[in-house]
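Supplied in C-alpha cells, the structure appears directly below.
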Amino acid sequence: MISQTQSPIIEIAARGLAPVIQLLGIYVFFHGHYGPGGGFQGGVLLAAGVLLLRLGIGASHSQAQVTSKSTVALCALGAFIFAGTGLVAILWGGDFMDYAYLPVQWLEAADLRYYGILFVEIGITIAVMTGLIAIYDDLLGIGNAGNN
Amino acid sequence: MLEIIEGYYAYFFLMLLFVIGLYAMMMKRNLMKKIMGMSMIQSAAILFWILSAFKEGATVPILDRAISLDNPDLYLNPLPHTLMLTAIVVAVVTLGVSIALAVAIYQNYNTLDERELLARMEEEK
Amino acid sequence: MKLLQFLLLATLGSILCYTVLDMPPRGEIDAPASRMESPVGTPVAGAYYIQHAYEDTHTPNMVAVVLADYRSVDTFGEVVVVFAGVMTCFFVLRRRRP
Amino acid sequence: MITQNAPALIPVLYLVAAMIIPMVDYFRSGLSYFIALLASISIFGISLMGLQEVITNGPISYHLAGWMPPLGIELVMDSLSAFICVIISASALLVMIYSRTNLVQELPDKTMGFYGLSMLFMGGLAGIALTGDFFNLFVFLEISALASYGLMAIGVKRAPVSAFRYLVLGTAGAIFYLMGVVFIFISTGTLNMADVSNILPHVEYVRPVIAGLVLIILGIIIKMGIFPIHHWLPDAYTDASSTASALIAPIGTKVAAYVLIRVLTIYEFPPLLDILSWIAALSIVAGSVLAIAQPNIKRMLAYSSIANIGYITLGITLANPLAFIGALLHILNHSMMKLVMFMSSGGIYNNMGTLNMARMRGFPLVMPFTALAFIVAVMSMVGIPPTSGFFSKLYLILGAVEAGAWVFVGAILLSTLLGLVYLFRFINIAFFRPYEKYDDRMIIQGESRKLGLNDEDKDAGPKIYETMPRNEMSISMLLPVLIVAVGIILVGVFNGVLIDKVISLAVPDF
Amino acid sequence: MPWEIEFLLFIILIVSAVISLILKNLLAAVVTLTIYSFTVALIMISLGAVDVGFTEAVVGAGVVGIFFVVAIFKTTRKSYD
C-alpha cells in the first residue's frame, strides 16, 4: 500500500474511478439543501476518492491532491471555518452561530440562514475529508519522517 | 400476539444486538473483535434513535410540495435523524482512534491477543 | 467468572426487553416525540422543525436545517470530534523527526 | 459583550485555540505553547467574569443559534456550573504554565499534539459543565473522552494498553448514556434538561424513564471511576506522561461527578440515591485500602482519587445542604490536592528519577519547596485543620450525621485513618531517612554529564549516589505548585467566605 | 415498506453480527462487518432516514472497511477466538 502497485489494472481502475467518486462527492455536498446529502456525506465521498488513489497507486504518487503533511492543518482549518462563522455572529451582536446576524446587509434573515448553512457545510466537508485521510495516513505511517 | 411482535420486534432485535456487542467487548480476547463489538453497540443505539423517529405512514423529512406542512404527522421527525448523523461520525472517529491504539499496541508488544499481551506485560516488569 | 459475566449480560438483556415493552410501539403516531405540544405546554421540537424549517431558512431538506441551524452546536461538536480524533491519531502514531 | 456571551465563549475559545495550534504549527513550529497559554489566561479571565456576573445578577441562560430552549440548544451558567468552569480553567492555566519545561523533556517531538489535545480536552469539559441539553452533553463528553484517550496513550511502553482499556470502557459508558437518553427522549419528546424535568411528572411511560436514568447514571459512573468499575483509572493515570496525568487527574473525574449532580436533580428517585450512596461508601473504603498497598506514588494517588470521588458522590447522594456543600468544597479541594501532587510527582520523577515511594529518601533536602507544597497537600488530604481538606470532610460528616447515616460517618473516618497510614508511611520514608539516590531511568542526561558518565553506564542498572545535590524544579514548574499550595491554605482559612458567596448559591432545594 | 421485509433485514443483521464475531480470520470478519453495516443502512432507509442511511452506507462500507483492512495489514490477520 505504500509503494506503487505492479498491476496496471488496479492503477487504471483507481485513476479512472477516483475523479468520478469525487465528482459525486461534490454533487452530494451541493445538493445537501434539496435532498439527502450534505457536508458530511460529501466529505466522506471526497475522502473515499483520495483513499482509493492512496490504495491504488501508492501513497507517494497520490500526494498531489492532498499531501500527508497538510492534512491535520487542513482539518483544523475546516473546523475553524465553522467556528469562525459562529464567532462572526457573536462579533456582530448575535448569539453564537446565529446566522441572522452575519454581516451581509442586503439579504433577509431566511436567505442569510440559507447561505450560512452552505458556508458551514463547506467547513464540515473540508474537515471530514482531510480528517479521514489524516487518520488513514497515520494508521499506515505515511506521514512519518523517513517513510515518505 | 402478532400485534406485540409487529410493534416491538425491532426493539427486541436491537436489545439482542446490544447484548451481543457487549458480550464481544467483555469476553473476546482479540482487540479487533472488541472493536467490532464496540461498533455493534454503537449501531444498536443509533438504530434505536432512528426507530424513535419513525411514524407509520409518514414520508421522509424533505419538503414535498404535494404534502401539506400543517399536519406534522405526514413527515418523519427530523430531530433524531440529525442527532444520529452526529452519532455516526462520533462512532467512526472513535473506531479510528481505537484502531490507532491497537496499531500502537501491536508496535509495542507484537500481539493483539489479550492474554498474550498480559503475559508480555508481566514479563517486562 | 465467565458464568457471572454471562449472567450479568442475560440479566441486562432481559431487563432491557422488559423495559421496551412499556414504550410506544414502532411507528406510533401519538408518541410523545411526535406530538405538537408537550404535557406542560412547551412546543415539541420535532413538529416545530417540520412546520417552520422552510420558512425560517428556505431550505427544503429539514435534516440539513436542523443539522446546521437549529442544533448547529451539535454539528460543531461533531466537527470538533473529527478533529479530536485526527489529533489523537496524530499524537499517538505520527512521528515528526526520526 | 464578553460577560453576556461568556457561556458560549468558554468552551468555544478552547476549541478554537485547539484549531489554531495545528494551523500555526504548519507554518512555524514552536508557537503552540504560547497560543495555549494565551487561550488559558483569557478563558480564566472570562470564567471569573462569568462567575461574578452570575453571583450578582443570577443565572445566565444562553440560547445558541438564537433559538429558544426546547427548539435550540441552551447553555446554562448558574453558580454551580460557573464554579466548575473556574476550577477547570484555573487548573488548565496552572498546568499550561507547568508544562513549559516538563513537556520538552518528556515528549520533545509531540508538543503540538499535546497542546492541541489538552485544549480540546478542556473545551470538552467546559462544554459538559455548561450545557443544558442531553445530546449536546454527549457530544462534549466524546470530545473530552477522545482527547483524553490520546493524552493517556503516550507515556511508558504500556500506556497504549491502558488507554485502549479506558477507550473500551469509556465508549461503553458513552453508549450507555446515549441509550439512556433515547429512553428519556422517547418518553418525553424533548432533550432540554429543564424541559425534561418539567415534563417527567406527567409522563405515562414510567419504566423507560427509570431505565433511562439508570443507564445514564451507569454511563457516568464508568467515566467517574468509582469502585466496582475503577480498573481503568489507576493504569491510565500511572502510565501517562506526568504532564498529561497532571492535566487529567484533577478535573477529569470531577466533571463526571458534576454531571451526576445535574442528572440527579432532574428527577427524584430515592432508591437510586440509596444505591449510589452505598456504592460511594464502598468506594471510599476500597480506594483507601487499595492505596495503602501501592509502591508507585502516581498509582497511590490514582487509588486515592477513587476514594475521593467516593466522598463527592456520597455528598451528592446524601441529599441535604450540608453534605452538598461538603461535596462541592471537596471538588475544589480535591482538584487542588491532585494538582499539587501530580505536578510535584512529575518534578520528582525528573529530578530524582523514580516514582517509587520507598526510594525517595531525602527528597525534601533535594527539593525543599516542592516538599513544602507536598506536605500542605498531604495535610489537606488527611484533613488537618488549617487546610481546606478538613472543612470539606467536616461538612460531609455533618451532612451524614444530619441524614442519620452513621455507617457513612464511619466510612469517612475509617478512610481518613487509612489516609494517615499511607501518607505518613511515605513521609516517614521521605523525610526521616538519609538521602540516597536510585535512578530508575538509569541516569538523566544532565546528571550523567555532571558526573562524567557516558552512555555505556546507562545499562548498569539503578545506582546509589552518596552526594546530595540541591536540585529544585525549574521556576515554571515550581510556581504553579506553590500557587496551589498557598491556595489550599487560603481556601481553608477563608472557607466561610467562599461558602457564603459562591457555594451556598449553588445548592439546589432539597 | 411492509414490516415483514424489515423483519428479514433484522435477522440478516443479527446473523451477520454473530458470524463476524465467530470468524477466526480477521479479514473475513471485516468483510462480514461491512455486510452488517450495509444491512444497518438498509434498515435505516426502510425506516425513512435517508440521510442517515446514506451516511451509514458511505461510512460503513467504505471508510470503516478501509480502516480495518489497513489495521489488519499493519498488524496480524489471525485471531484465536
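Each chain carries a letter (A, B, C, D and E) given by its place in the written order, and its residues are counted from 1.
Note that in this section a residue touches a chain if its C-beta (ideal position, glycine included) is under 8 Å from a C-beta of that chain, and two chains touch if they have at least 3 such contacts.
A quick note: this is a predicted structure, and the numbers were derived from the prediction, not measured.
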| item | value |
| --- | --- |
| Fewest touching-chain hops separating subunit C from subunit D | 1 |
| Shortest contact path, subunit B to subunit E, counted in steps | 1 |
| B-C compared against A-C, more contacting pairs | B-C |
| Most remote chain, CA-based centroid, reference being subunit C | D |
| Relative to subunit A, chain with the most remote C-alpha centre | D |
| Length of the line joining the C-alpha centres of subunit A and subunit D, rounded to whole Å | 35 |
| Euclidean distance of C-alpha centroids - subunit A vs subunit E, Å | 24 |
| Chain centre separation in whole Å, for subunit D relative to subunit B (CA means) | 29 |
| Contacts with 2+ other chains: residues of subunit E | 3, 50-51, 55, 59, 63, 67, 70-71, 74 |
| Residue numbers of subunit B (touch at least two other chains) | 6, 9-10, 16, 18, 22, 51-54, 58, 60-62, 79-81, 83, 85-86, 89-90, 93-94, 96-97, 99-104 |
| Junction residues of subunit A, two or more chains touched | 34-36, 38, 40, 72, 75-76, 79, 83, 86, 96-97, 99, 128, 131-132, 135, 138-139, 141 |
| Touching residues (chain side subunit C, partner subunit B) in the complex | 2, 5, 9-10, 12-13, 16-17, 20-21, 23, 25-29, 31, 33-34, 36, 45-47, 49-51, 53-54, 60-63, 65-67, 71, 74-75, 77-78, 81-82, 84-85, 88-89, 92-93 |
| List of subunit E residues in touch with subunit B within their complex | 3, 6-7, 10-11, 13-14, 17-18, 20-21, 26, 29, 33, 36-37, 40, 43-44, 47-52, 55-56, 59, 63-64, 67-68, 70-72, 74-76, 79-81 |
| Contacting residues of subunit D [partner subunit A, same complex] | 1, 5, 8-9, 12, 15-16, 18-23, 25-26, 62-66 |
| Subunit D-facing residues of subunit A, complex | 69-70, 72-73, 75-77, 79-80, 83, 86-87, 90, 94-101 |
| Contact footprint of subunit D on subunit B as seen in their complex | 18, 22, 25, 31, 34, 38, 41-42, 45, 48-49, 52, 79-80, 83, 86-87, 90, 93-94, 97-98, 101-102, 104-105, 108-109, 117, 121, 124 |
